């Protein structure tokens, strides 16, 4: 079950890479966050960890529903460009994505000797990180970049959930708090004038 | 000590004669009617009686420089190798000091040339500076290498040593330094092909250009200095590169020495007759030769020991 | 001593920033000064001092850094008082600036005093996000653009740091459990970490995040551009305070990494720093405005601090850091005056000052500029001596002594390019160009004097022994 | 912190001898300076820092004062900024001294193990365990010789010295360069003691080269202070020749000869301090009056500035190494020490030493030519400009400074034995046998060379006889009571005018032409011909500029290289404006990959793979396709 959800998580991220429409991108981000939340719920259930279950719920509420909704609102309010074409050619991208996966598995290969259970999860988290970066690389507009940054956040949550079986509660709450703060700041930044970066 | 004083007096007295001798020889060789052998003395006494004209543009340098040109050369006379056995000699003074003293004299001579604000003086000084800049290193090297061969850095002692036991094993470097020194003798004394002491043509003048504004007693002093310089070089050449005749009894040794001086003068005269004055910018070719030979002699001595 | 007291001035500042009266400006400034007081008290307490359980622990290192930051904060506040005389700034922007400044301080205090990787990160993120808006107090398109830029790059960097933290946490969790996030425990048990490679990967990612945030290779210009676009007190804040929060994280992480595998750490940091200084030195060689110049030189100094720390000369690193923390803000604050007659006018920037204030100003600025290229008696002179000494010592212990020496020599050569450029700029400021009158305000002068006194205080024997005791 | 052994004290004495007359001179010069406070502050700090360098007993203090010395001297150059040239010169000077400082820093850091407060003797132990002592030696040489101005690190001197105010040039050239020589003495003896033969030969060759290069470029200068600065290079070369010989002899276990050579070097150091300071002071006095450094604008100054002219003459004789001056004596000692090596059996020495002898001899000749030019063109003849015409003797304070310095020169000449005895003590302090008794075995009259069958010189007798004979002749001249008449110089019937005199350019013409291959001069000839005749012209102007070869090939190319690199770095750095995410992506990739490759299990194959992956990734993500 865990592996299946992780697969879906990665898949939604990869699909997001090839998206050319902003709303579609938001959707995929939301899917991605949903998978993450479900993953937390599943792992939390199996470990009997209430904190993690709480994390999962919050993830679904904030990331899968809240943030995409706010972003969509913002985009309507400030008339974002909704046609977002990746700058990297698709031909390159289809080579890059598997290359990143191969690389991260190669990278985490030594870890498999050291820790028995979660080596592949570490690899996938790192590759998710790289993919999120790739998402930021291939777009020039602000909105997809924000999505990319949020996907990075997801990647590290994935790492936190799978590789370490959850971080201390305090930290997770802090991270959520910062995330909200980020959204506030983004909102403020948009508030004056909409500008392309 | 007496012999020492006699030698020096003799050298001072011979000096003008030697220059006149060269002139006479040259004139004879050119089928001209020769001047008197004692023309040098005549000139001297005539100049001594003449009124001295001092340039209005000149400064205190003109008043003192002629004496400072002469006095270092006079001092060098005291440092020359002995002519006869048993004579006192200053054994220890080395090449660098002797060259230094000669340079000191040249230094003031060049200043003298520049002092009178005449174009000729500057020209003469400039050329002299050029020539002496090339001559000095060669001279230091030559005398040093000869004195090293002789086994003593003091020139006086070197002269004695050379005539007592001639270093046959160093023949090659000895020869090189001999060639070098002869070129230096010509260059330093302003003989053809470096300089022509007999003309007053601005293209050729070096030494004469510097002293063009001097008259009377100053000119006499400078002329004397020139002749003494020649005799210094000649006797150095005689003592260091013709090291024989020293072991004979005193009068004969004296005679041999004087003969050597005249022989050198003859050689110079012959050379002067047979060559033309070089262009100024060709002079380095000749002096370069001297430097090369000097360096060669030193390095042959150093590296090959030959 | 409790946390409330530490945070109280910031909270007051936050509250007052909503008041719409003219006097608010002075109250805000005053509350900013007051931040120093609890920190001084903290400074005097016996160490280590647990402020909040095992989460916030004050030890010598972090109180030192916090103390430096608070002094810089006072300097920044001082110059803010007369900011409106140099540039157009509305009272509203002022208050907003202070509002975020208060949040910034909260984040900063948390991250500097934290003994917990997570809290460290939260504080850092808070500080980063709050600075985003400070950039925007300058209402220009450039500032807007750079604020976005900062938002995104800063977010990437901070995410990388968290990613690294989680990996490190994952590597140590099997032995330490949930408390694997605590620095002192992690340090104590560093040798027992079951998967050092995982830790190193985490450390590398976190370090990249921190380095990007400090403007190391390859992101050398973004800080400079941001500082160019924002008001100069903000630039001072960036280089003086925000970097201290980052660097203290690096200090702590690298201490653990040293225990895990010193050679890997050293090689990684050494190569990274040389690359950084290589790029930075050549960028400085071409820099044509003060902001960029000082910003790049700040990067250079941070790189040196990092390499000194890693080479085993914490004393040199701390001294260098202290000097940097005072010098850079001072210069950034002075930029407002230096650029009175146009942004890109370096020639003649130190001319045209009248009166005692003016003379004192240019004299101090001359000293500061000469001090950042580590001419004696600048503290940087001594810190570089000790720092490079430690590096060479390190080289002598290793196997590749010649290549290390070559690398150190390369580093020194690059530093001399910077030296050359600064000398050229100083001469140009003082001796070239036409004389145009410039005005200096007392508050700015006070800020400069404060920095100058602090710099001199760094060189006192007591402070040197104090620094040595930290190390 | 501080130490006061004989070596330090000797150099303290040197600084004081150089600085005290200078202080007088400087106070006389002060009205000429606009920023008086700035000047005074840095001036005294400069002297103080030099003293600090000399007496410091550990690396920290040494480096501190060393940098302070650079800093203050740099600021002193900037005292009177007159246009771009000063700024350029100051910048160049400062970067060069900083360059030297780097090497010193490396040296000290290596020999002190990072503990900068340890004593020099403790450093020796560490240095002896260091694997590459020659590296240390190179650091030392580069560090100190860039300050001393030896080839090829000499380029800054002819720029920096002319631009500084004259008292400062005198201090910099006369005293500061000697501080570097002190450093050589101190650290070669105290830290790096047993020297391989190669080190000595290196110093010797550097010295020979510096001597030649310095004097050659001095000849081609017409800026009087630049000329003197170039002569400093030459004299530093001569000092280094002596120093190198000392090192060589020491390696060959000829201790007394080595001491002799070192004493010669030290003696020349003192001499150079004295006459170079004096020359700069006199040049400064001329500059003060004529407001130009161009020698072509001088002339006839001896009539209006007799004191300056006299002091300059004394110094010129001394620097040209003419007997019986002190300059002559020290060069004589150096010559003698070189010639004492004739029996040494070592091929590299046999090649190096004759070359050095040749260089030194060559230098002597050229130096004379150069100072005849400097003295003759400046002081003799007719004034070449109105400025020179209106020149007056400088104020009494400056005069007193110059006269005091002249006394220093004369004291070095007259009390040579005393000084030598003193220098000898330095080496006794460095655990060597005293050789004073060997140099002056029978009283103070004769000075002996130490070598087998070496030469002897008797400076006092020479001096006395010279003065005596000259005085005698002058006396005779008075007695004769020669009639004199004053008249204009004969100028072929034309009027004698300043324009018909030889110029400095013209004077050096023949020598310049001879060394054309080296100088590669830029010549500018402007000629106003009359009616198309080649040989008839109404006016003509000829100028020659010589840019040092070293600067042209070495320094200019470095500057070009830096410019080029910075351009590319600048372009690269600007990618981050738009490609920051890609940059971070790539740096992550390379760091993680490298950790994997290097930190886990290294193999070349993976390394090569990493390289290619990075190439591709950078190409795709950062550089992108060309449009």
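To keep things simple, chains are lettered A, B, C and D as they appear, and every chain counts its residues starting from 1.
Criterion: a contact is a pair of C-beta atoms (placed from the backbone, for glycine too) under 8 Å apart; a residue touches a chain by one contact, two chains touch by 3 or more.
All of these numbers come straight from a predicted model, not from anything done at the bench.
Ranked by C-beta contact pairs, the top interface belongs to chains B-D. Distance from the chain B centre to the chain D centre is 35 Å, each centre being the mean of its Cα atoms.
Centres computed as Cα averages put chain B at a distance of 78 Å from chain C. The mean-CA centres of chain A and chain D are about 67 angstrom from one another, to the nearest whole unit. With centres set at the average Cα position, the gap from chain A to chain B is 99 Å. Residue numbers of chain C whose C-beta contacts span two or more other chains: 149, 152, 156, 160, 197, 201.
Residue positions of chain A touching 2 or more other chains: 107, 110, 126, 129, 133, 136, 145. A complete list of chain pairs in contact reads A-C, A-D, B-D, C-D.
In the complex of the two chains, the chain B residues touching chain D come out as 48, 51-61, 64, 67-68, 70-72, 74-75, 78, 92-94, 96-97, 99-101, 103-104, 106-107, 110-111, 113-119, 121-123, 125-127, 129-130, 132-138, 140-141, 144, 147-148, 151-154, 157, 212-213, 216-217, 221, 280-281, 284, 295, 298-299, 301-303. Contacts from chain C toward chain D in the complex involve residues 149, 152-153, 156-157, 160, 197, 200-201, 204-205, 208, 212, 217-222, 225, 261, 264, 267-268, 272, 278-279, 282-283, 285-286, 313, 370, 375-377, 381-382, 385-386, 388-393, 396, 401-402, 405, 408-409, 412-413, 416-417, 419-420, 423-424, 427-428, 430-432.
Residues 55, 116, 118-119, 121-122, 125-126, 129, 132-133, 136, 139, 141, 144-145, 147-149, 151-152, 155-156, 159-160, 162-163, 166-167, 169-171, 173-174, 178, 181, 194-198, 201 of chain C are the ones touching chain A in the complex. By the touch criterion given at the top, residues 299-300, 302-303, 306, 317, 320-323, 328, 331-332, 335-336, 339, 342, 347, 350-351, 353-354, 357-358, 361-362, 364-366, 368-369, 371-373, 375-377, 379-382, 446, 449, 451, 453-457, 462, 465-466, 469-470, 473-474, 477, 480, 482-491, 496, 498, 500-502, 506-511, 513-514 of chain D touch chain B in their complex. Per the touch definition, chain D reaches chain C in the complex via residues 60, 63-64, 67-68, 71, 74, 78, 81, 86-87, 90-91, 94-95, 98-99, 102, 105-106, 109-110, 112-116, 130-132, 135, 562, 565-567, 569-570, 572-574, 576-577, 580-581, 583-584, 586-588, 591-592, 594-595, 598-600.
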